[in-house]
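The next block holds one structure in the form of structure tokens; read it before the comments.
For reference, chains read A, B and C in written order, and residue numbers begin at 1 within each chain.
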Amino acid sequence: MNEIFAALGKIKASKPLVHHITNWVTIYDCANVTRCIGALPVMAHAKEEAKDMTSISQALVLNIGTLTPSLVGSMLLSARRANEKRIPVVLDAVGAGATRFRTEKAKEILTSVRIDIIKGNAGEIATLAGAKAEVKGVESGAFAGERKQIAKALARKYRATVVMTGKYDVVSDGRRTYVVANGHMMMGSIVGTGCMAASVIGAFAAVEKDYAKAAAYALVCFGIAGEIAAKKIRGPGSFKERFYDELYNLDEKTIARMQRIRVEK
Amino acid sequence: MNEIFAALGKIKASKPLVHHITNWVTIYDCANVTRCIGALPVMAHAKEEAKDMTSISQALVLNIGTLTPSLVGSMLLSARRANEKRIPVVLDAVGAGATRFRTEKAKEILTSVRIDIIKGNAGEIATLAGAKAEVKGVESGAFAGERKQIAKALARKYRATVVMTGKYDVVSDGRRTYVVANGHMMMGSIVGTGCMAASVIGAFAAVEKDYAKAAAYALVCFGIAGEIAAKKIRGPGSFKERFYDELYNLDEKTIARMQRIRVEK
Amino acid sequence: MNEIFAALGKIKASKPLVHHITNWVTIYDCANVTRCIGALPVMAHAKEEAKDMTSISQALVLNIGTLTPSLVGSMLLSARRANEKRIPVVLDAVGAGATRFRTEKAKEILTSVRIDIIKGNAGEIATLAGAKAEVKGVESGAFAGERKQIAKALARKYRATVVMTGKYDVVSDGRRTYVVANGHMMMGSIVGTGCMAASVIGAFAAVEKDYAKAAAYALVCFGIAGEIAAKKIRGPGSFKERFYDELYNLDEKTIARMQRIRVEK
């Protein structure tokens, strides 16, 4: 059986609960894509219940898109519980580098708790790695320099898996580096694809303990759904609807035929 | 005239304002479905204006999906005002049983103010009724035991109408019990259908003072729209779009032909 | 070249960052429509980073749809920074008049900082202008009195551009008054079109320093997309999807052919 499809099958069979503490912009889409991929989403940010919700979950996804000091507090409570339970913690460093507050809080989270998977675009990851980068809001394009080297260095620094999204997604755990070439330009035409990718990574990490593999497999599925959806649409509105449909319907043949993933050791 | 369609017509004619204090995940969908059914939504959670907004509304919908202590405070202020005005208050007990905080706060709301319609899935209602139940996050499947008996018992305890959603929705006011068999499996493939159902129930309760009837009629309309929408879609993305269309376009013939509702006394 | 299309082209070429401090209901749609029109959205409301985010932005959009005292604080911090930088500040006065809190805070914002573009429906603008008006929640229809006169008076009072939406949108800077007749009834069938219009106005104002022109041009594009989308849909679900598609695909010929805008001096 195709290994990526097998992981997807595990999600659908075990329906892991993926706890999110996330931003107010794409919170619905994060929940919905989690359901689409076969897992169960739960969003709970109050400090009074964050830890308890993590206790019954199989993965934790943190997203700093509309961060406040109070949310940071709940993130730390939940992440500590996740660390105790040894369930995967994903940090989507949305907009790191755009403001001092966001950069500092992202670093504070990284140094206070164990983050298993650090995700961002080139600018965000470079900011966390201390590399020179120009970040424009929560968006950032390619920048000069060695993308893979930066991802690898950050992975080693925090002994984590680093996901750097872009035209080619780079996933590195410091030893192995996956390059995923699936995806489509239209995915950038709607808000929230990055956040949604983190949710799908969380679902895969709940069932696949090799987190580099989990993240890369998630990005393959996510990207293939985007490629198929992009074929028959008129614009971002119809793309988004179709994207959910295609992600929900992914089958083994399609994954095996379309997957564009390679690993460097 | 078909009685359910007549109630729907009353909503469209009087356009009741339905005040929500709800969660950050499905807040847009709650607002949008309220508009779809012909009512007007308003969301206002600040303690500085919650009561005033309830003062100009015809129904109040409370949803504990992303609860905080501050939101509980606003809910109580609004519910007291709604009680004074004798307009219906719906409580959607999302995730009751999942964390101690949520269960306790749901019970605190139930004992502090008059809730006219208590809504939840089997696990959530069982939690509030003190029955044994296993609740997984905000999702829960069927569980052993007498669903109707639990709904009835909770209805009697709080002199309220209880809505227990599931493959068959049960609505009981302690005397009469409606069973609604409309709906489609695809409704579970997207996030937010439960929350949206509560908004539609709120709109119906604004125009139909027999709340058990109001809730059952709302669920019939909601379920029929889901059944029609499910026929011509490819997955959850197209289902959701179509669901809004079908709910907006419901006509008398369709309701009369498709309604699957019975009452036990 | 058509002047409206030229402005749209400037947005797509320069991709201005539009900072929003907005409500929790339509926050996603505000972000997504900003992207659709070719600009970049960023949402950041924490007082710890609001000002810094405005510092790297080209426009600021404030929306009081789910206002809290804490959000007002962040809005003032951001607006002061925007005033210093001389980038446009748009205030969407959602629900002004519905509660005392909202009305007072809207006025407090107007008197504390420079608002370049004040947007609302007839009832909201009348409330801010001190004219007699009846406002029902966040919705309000036409009301008696001179719409253009009220817009003009408010524009003069605050030396701002005033946008009063409705069947005919009125845009006045106190000297010139634009009337835009584009748009379609279906735009009122979904929640959030008003908020989305404010985001599009923000994007245009980032590239066109004549704010009355910017607002009117934005409303022409917005309305045309609505008219085209309304032609081939079944209801509000498909309308919304199509609306995003059409806005994204607007071309010069379509704008030139369909624009319904006139100016009175």
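Everything below uses one rule, namely that a residue touches a chain if its C-beta (ideal position, glycine included) is under 8 Å from a C-beta of that chain, and two chains touch if they have at least 3 such contacts.
Computed from a prediction, not measured in an experiment: that's the story for all the values here.
Visitor: Do subunit A and subunit C, two copies of one chain sequence, contact each other through the same residue numbers, with over half in common, or through different ones?
Guide: Counting which numbers both chains contribute, under half are shared, so the two copies meet through different residues.
Visitor: Fitting on CA atoms only, what is the rotation between the copies subunit B and subunit C? Please report it in degrees, nearest 5.
Guide: Copies differ by a rotation of 120 degrees.
Visitor: Round to the nearest whole Å and give the separation of the Cα centres of subunit A and subunit C.
Guide: For subunit A versus subunit C, the centre distance works out to 33 Å.
Visitor: Specify, in ascending order, the residues of subunit B that touch 2 or more different other chains.
Guide: 24, 28, 240-241
Visitor: What residues of subunit A sit close enough to touch subunit B in their complex?
Guide: 17, 19, 24, 27-28, 31-32, 35-36, 40-46, 48-49, 52-53, 56-57, 240-249
Visitor: Please name which positions on subunit C make contact with subunit B in the complex.
Guide: 23-26, 28-29, 65-69, 95, 98-102, 136-139, 189-192, 233-238, 240-241
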